[in-house]
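In the two complexes that follow, subunit A is the common piece, with subunit B as its partner first and subunit C second.
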Partner chain A sequence: MLTYSLKRLAQLFVTVLGVVTLVFFTMRMIPGDPISAMAGDNLAGAALDKMREQMGLTEPLLLQYLHYLGGLAVLDFGNTVTTRLPIIQLILDALPVTVSIALGTIFLTVLIAIPLGTLAAYMAHKGHRMLDNAITGVAMVLDLMPSFWTSLVCLLIFSLALGWFPASGTVNIDDPVQMLRRVALPVLVLSMAQIATMARITRTSVLEVLSEDYVRTARSMGWSELRVLFRHALKNAALPIVTVIGLSFGNLLNGTVIVEFIFTLPGIGNLLVGGINSRDYQMVQTLILFYALIFVVINFATDLVYRLFDPRVQF
Partner chain B sequence: MTQEIVALPTRRPLDVSSLPIQGLLRLVSNSRVQLALAILMPIIFLTIFRSVLPLPGPLDTNLRAMMQPPSIEHLFGTDRMGRDLLSRTLAGVQISMFVGFAVAMLALAVGLVMGTLSGFFGGVVDRVTMAITDIFLAFPSLLLAIGLVSVMGTGMLPVVLAISLSDVPRFIRLQRSLVLTLRTRAYIDAARTVKASQFWLMTRHIVPNTIAPLLVAASIAAANAILVEAGLSFLGLGIMPPEPSLGNLIRDGQSYLEQAWWISTLPGVVILLIAIGLHFLSDGIRQVLDPRSRK
Partner chain C sequence: MSERQLNRIRGREVGTIFQDPMSSLDPVMRIADQMVPPIMRHLQMNQETARAEAIGWLDRVGIPDAGRRIDAYPFEMSGGMRQRVMIAMALSCRPKLLIADEPTTALDVTIQAQIVELLRELTVETGAAMIFITHDLGLVARFAHKVGVMYAGKLVEFGPVKDIFAHPCHPYTQSLLDTIPPVNQPERRKLTQIPGFPPDMKLPLVGCAFKDRCAAAHEHCFKDTPELSARGPGHRAACFLPEGLGEARHSDAETIPPMVRNSDDRVVVEVFNLHKHFVGRSLTPWRKPPTVRAVNGISLNIREGETLGIVGESGCGKSTVARLLLGLDPVTSGDIYVDGMAQMVFQDPSSSFNPKMTLFDIIQEPLVVTGWGNRAARAERVNELLSQVGLDESYAQRYPSQLSGGQKQRVAIARALAIKPSVVVADEPTSALDVSVRAQIINLMVDLKRQLRVSFVFISHDLLTVSYISDKIAVMYLGEVVEYGPADEIFRHPSHPYTQALIAAVPVPDPVAEEARVKNPLSGELPSPLNLPPGCAFASRCPKATDYCRAEKPILQAYSGTREAACHYAN
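Presenting the complex of A and B:
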């Protein structure tokens, strides 16, 4: 296990280095440089050169790259081009919002999708195709709805028509009730897409387990159906479900960008869109990198958890 | 009857090249494909013939009919400049369809070539290709597209390239794994013993057998590309107004959600229908082309 983890960790390191390199050089391929993009027509000649000098843009590309790597190692992402604030500070300020949306979504998804998927599997197993088909069909439609459209429809119904949740307004992490009201709709929207995937996987893996011999044995021992379903079937079907929670994290990150933008939540996604609109390449570069790192690390952790808990996986 | 030949065990799983019409007939007789066609065909026909239909042009403004709710005259209503939303939506569908098709074809072509080479030759070629795909797969797909578009700029070509770049690694992986499993089959060894060249093996024995799963993946990629394009345009990073795309139509309506619900919601319904149609299509292709899934 340890050698495997170390090997995977080395692989992870190579991938991360590749990601950093790709992001760095892609951003340098932009015609012009960050300074001229940022300054527009306001600055010219000597002032521009001075700023370039300050930001180290006159150095050879390779040296800039090494400096950049050195900065990353100590979590120094530089300053935003427009406001001159340290980017790491902005990220740390925005992180709690994004994390609470993500965690809320995972929680709600698990809460709804797992019983739903189990129910669908049970119904399919018993030959009641109607309910199974209905759940699978609804899951498919939910999965294909574009999240920005779902967001607007939810806004229309729950904020504008019913007035249950505020459509915008300040977000204060220290005020849980207000925070919950602001985050509820985005979480609902993101969950809708995630529930579909997770319910489908739950259904498939529970259905597979239900035809195993030990489930039949449990039944023949006279356990109630509920106990058989949850204690014996679901428990053994849990591993693929956990894996999917990890793997669907990429989709979740995609989704947070969209909902933060629509519901004007001050999270990382909003920083990203703002950075693109103000042509702050330093910011965009850092944030894309940041998302990729989160995604890679979570995939890595999922893989390890999978191997740790599945006794059948050999090393 | 040629039907009897079909039943022989030596028949290859897919023989599109020699039996295009028969293959097509089998595809169309599948119920999933029929469902897909029932959803997609009307949308495609309306889009193709929108210039002949009695509709105002997608860019024609009419200041006497601003923000009108759906009616017989304007089925999808009008926007703040009095432009007919059905006409704009259909123009957007045309862009979506193009993006979906272009991305699927581009990703399929590049994935086919690189995945085949990687899987067939193995060794250094394979390692390097896999390392590169690993790097690209480290980005969540929409975020990679956002990053690329922020570098390449907005518009049709950058959007197609950005979405393709995030799909290509998936196709390479798929094709590579298909080639790896086919490579060890006995019929490949048989071909080798009669001195078939590498090129012959690849093009005659391996690639044709990978087409079916690739086509399934391509139709999913097309649906996905349409959703990503809409997402990018919605964020203001894809197709830019006044050129209508389903994403920027929805973005336009966002500020008027309270006064004019139809601007954002109706184009979204069309995106959803297209996505569902393509989903059924990929399901149907899978059922028809993969002999193992046939009951």
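Presenting the complex of A and C:
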């Protein structure tokens, strides 16, 4: 276990370094820099060059890169270009919004997709194709709808027509009810796509387990179908489902960028969009670093959860 | 009956033991979590008494340290142990009927003997009746009281075990009994083959289901379906003829003339002091990596046209020897000399072919690889090979999926023979086949070795088959040969305690002989080849073992002139 953790830590280091390097250089390949993005057409060339020099943007690229790494080593993530605020503070302020969307989505997805997928598998196993087909069909339709489109539809229905949830407005972390009302629609939108994938994986996985020998053994001991399904089948089918949940975090990080933008939520997705628009190198680099960290940590957590469901998994 | 009513019977009234212990227990649940709740439910016990009950059962089926092992997961146990757990589970709610569906097919022969003995004891003790489903007639003879023979979804014969074996009345039962290699027979006869295949169950059956494969079938059999009718006290059979095959039964059993051999036949395979160690990966560089010592110094030789049988439990290194003979794995030390080419026939014919290749391409592949002849010559050779293994030339353009298991194994043999090898290594070639098909493949191999004077290495855990087909036998235990010599002699008068135990464990398809045999199956299981004991490897399971055995390793030495045995107390 200890060797395993150390190995994963080394992996984390390599991954993060790779990501950071890649982002550093690609950002600088995009035409324009923070100064030109900030200035627009207003300022003359000489003044801009002076600002660039102040920010160290005229130094050789490699030197800038080493400077950046040096800063990272002492956990100095720098300030934003425009407002000169510490980036880390902005991210920490925005993080709760994004995290609540992501966790809410996972929660809602698991709550709906796993029973649905299990039901579909059970029906398919028993030869009732009707319900199985219906569930898989609906899942497929949900999967096919892009989230930017479902976002707009949800806004139209739930905010404009029914008025249940606000379409925009401030978010206050200290007011859970208001927070919940603001993140409800984004969570719904993101869940739709996730539910489809997860329900299908659950269905396949449970269906496969239902024809295993040990399920027959459980039946031969006189257990009811419900117990067979939940005690034996679902636990054995859990591994692929856990894998998908872990992977779906990656998709979610993408998804939050879109829904935060559409629903004007002050999460880190919006920070990222703003950072790219203003060519705020430091901001984008730090955010991507955060995304990479989250991703690696989730992967590690997934591996630990494996052990929970399957005692055969050894580290 | 409703599902709810059925669930009250399942487990409580009827306990079931399934075929494959490796897959029949829930892999992610502890033994306790699988065993205790059914006892609580069916016998209305509370958690503690049910757990105590479960531990008691585990103890009775011979799980050492049951109180602790009950909290183990199935993957922490060997196949034999898991089957014991299955038995404990099936009996734990004190059912009146126990259904055992091929409970020992997936197990080694010595473990099979242990499990069968255990089942017999427990059913006598608890008074439960047992339905034992098997294809192994030896096991039936060993402990059934009554036998039902099924064919194409119907009972074709039913009666007391001694009657069935002494006077089988249905042609199918008769043929089935004749497909087994006989135990004691001075001259070797060809095994009976049941021609054709079971009927397609998707189509409606007209007349007797067995008519197409029956030598005694007549007009009546094609029109009407015979019903079970009395043949003796409690003995019934579904055949129009009172005697079944009658005189036709042994008509095709031609005798096999003994091989003519002389001592100056050339030696085609010579193995000297062969070692193979698989070195694992150690987690930390300073620790010694785990080493599996699969083969530990074996020496063998095979002459032209001779068949060497290698027997032993799984994990004894048989298959490793086969792979080494073919050069599929590098040897750790020792010498292998093969005069000519070596080829292999694998256990599972379905998975050893590329499903996208025609049989023609499969058989000619070794020829192409070795650059043998031109296209026309190869085509001719393929046809010749097909006819040698008893397949029609039209098969050449078929795909493996269009063949039955037996036909596939014929193709595997044809492919092995393509480049005219001097030795063919067959690793469990009949284990994946049905009994009646098995006889066909064995007969084919016996014919081929006579006609082509090709040598065979026949690796199997099935002692009856090995002793039938082989001229010489090497008995392996934990990577060593413990007994080596002429097949007949070893089978009749085994000298090494392990060989004796192996032969005692093989059920003989004769209930009268089975009754007379002493049954004290070998206890314990194969030790791990990771850390071998310093003395005799078999000492931990040997009834004769002394401190001398545990300290001093016996070497393979001449015993009674014609053979060798590695035991201090061989007799």
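Here is the rule we go by: the second predicted complex is superposed on the first by the 256 of 315 C-alpha atoms of A that agree within 3 Å, B and C clash if a C-alpha of one lies under 4 Å from a C-alpha of the other, contacts with A are read in each partner's own complex, and residues count from 1 in each chain.
Assume contacts are C-beta pairs under 8 Å (C-beta built on N, C-alpha and C of every residue); 3 or more make two chains touch, one makes a residue touch a chain.
Quick caveat, the model's predicted, so the values are computed rather than measured.
When the two complexes are overlaid on their common chain A, residue A:V273 makes contact with subunit B while staying clear of subunit C.
Contacts of A:T26 after superposition: subunit B is touched, whereas subunit C is not reached.
Legend: residue contacts after superposition of the two complexes on their common chain; A:G222 is shown touching subunit C, with no touch to subunit B. In the superposed pair of complexes, A:T3 makes contact with subunit C only, with no contact to subunit B.
Look at A:H128: by the touch rule set out above, it reaches neither subunit B nor subunit C.
The larger set of touched subunit A residues comes from B, when the choice is between subunit B and subunit C. Once the two complexes are overlaid on the shared chain, A:V296 sits against subunit B while remaining clear of subunit C.
Applying the stated contact rule after C-alpha superposition, one finds that A:L253 touches subunit B and leaves subunit C untouched. Annotation: subunit A has no residue touching subunit B in one complex and subunit C in the other.
Within the complex formed with subunit A, the subunit C residues making contact are 3-4, 6-12, 14-16, 18, 20, 23-29, 34, 38, 41-42, 73, 75, 86, 89-90, 93, 283.
If you check the complex, the residues on subunit A that touch subunit B are 11, 14-16, 18-19, 22-23, 26-27, 29-30, 140-141, 144-149, 152-153, 155-156, 160, 250-251, 253-254, 257-258, 261-262, 272-273, 276-277, 281, 284, 288, 291-292, 295-296.
Against subunit A, the residues of subunit B that register as touching in their complex are 131-132, 134-136, 138-144, 146-148, 150-151, 223, 227, 230-231, 234-237, 247, 250, 253-254, 257-258, 261, 264-265, 268, 271-272, 275-276, 279. The touching residues of subunit A, when paired with subunit C in their complex, are 3, 212-214, 216-225, 231-232, 235-236, 309-312.
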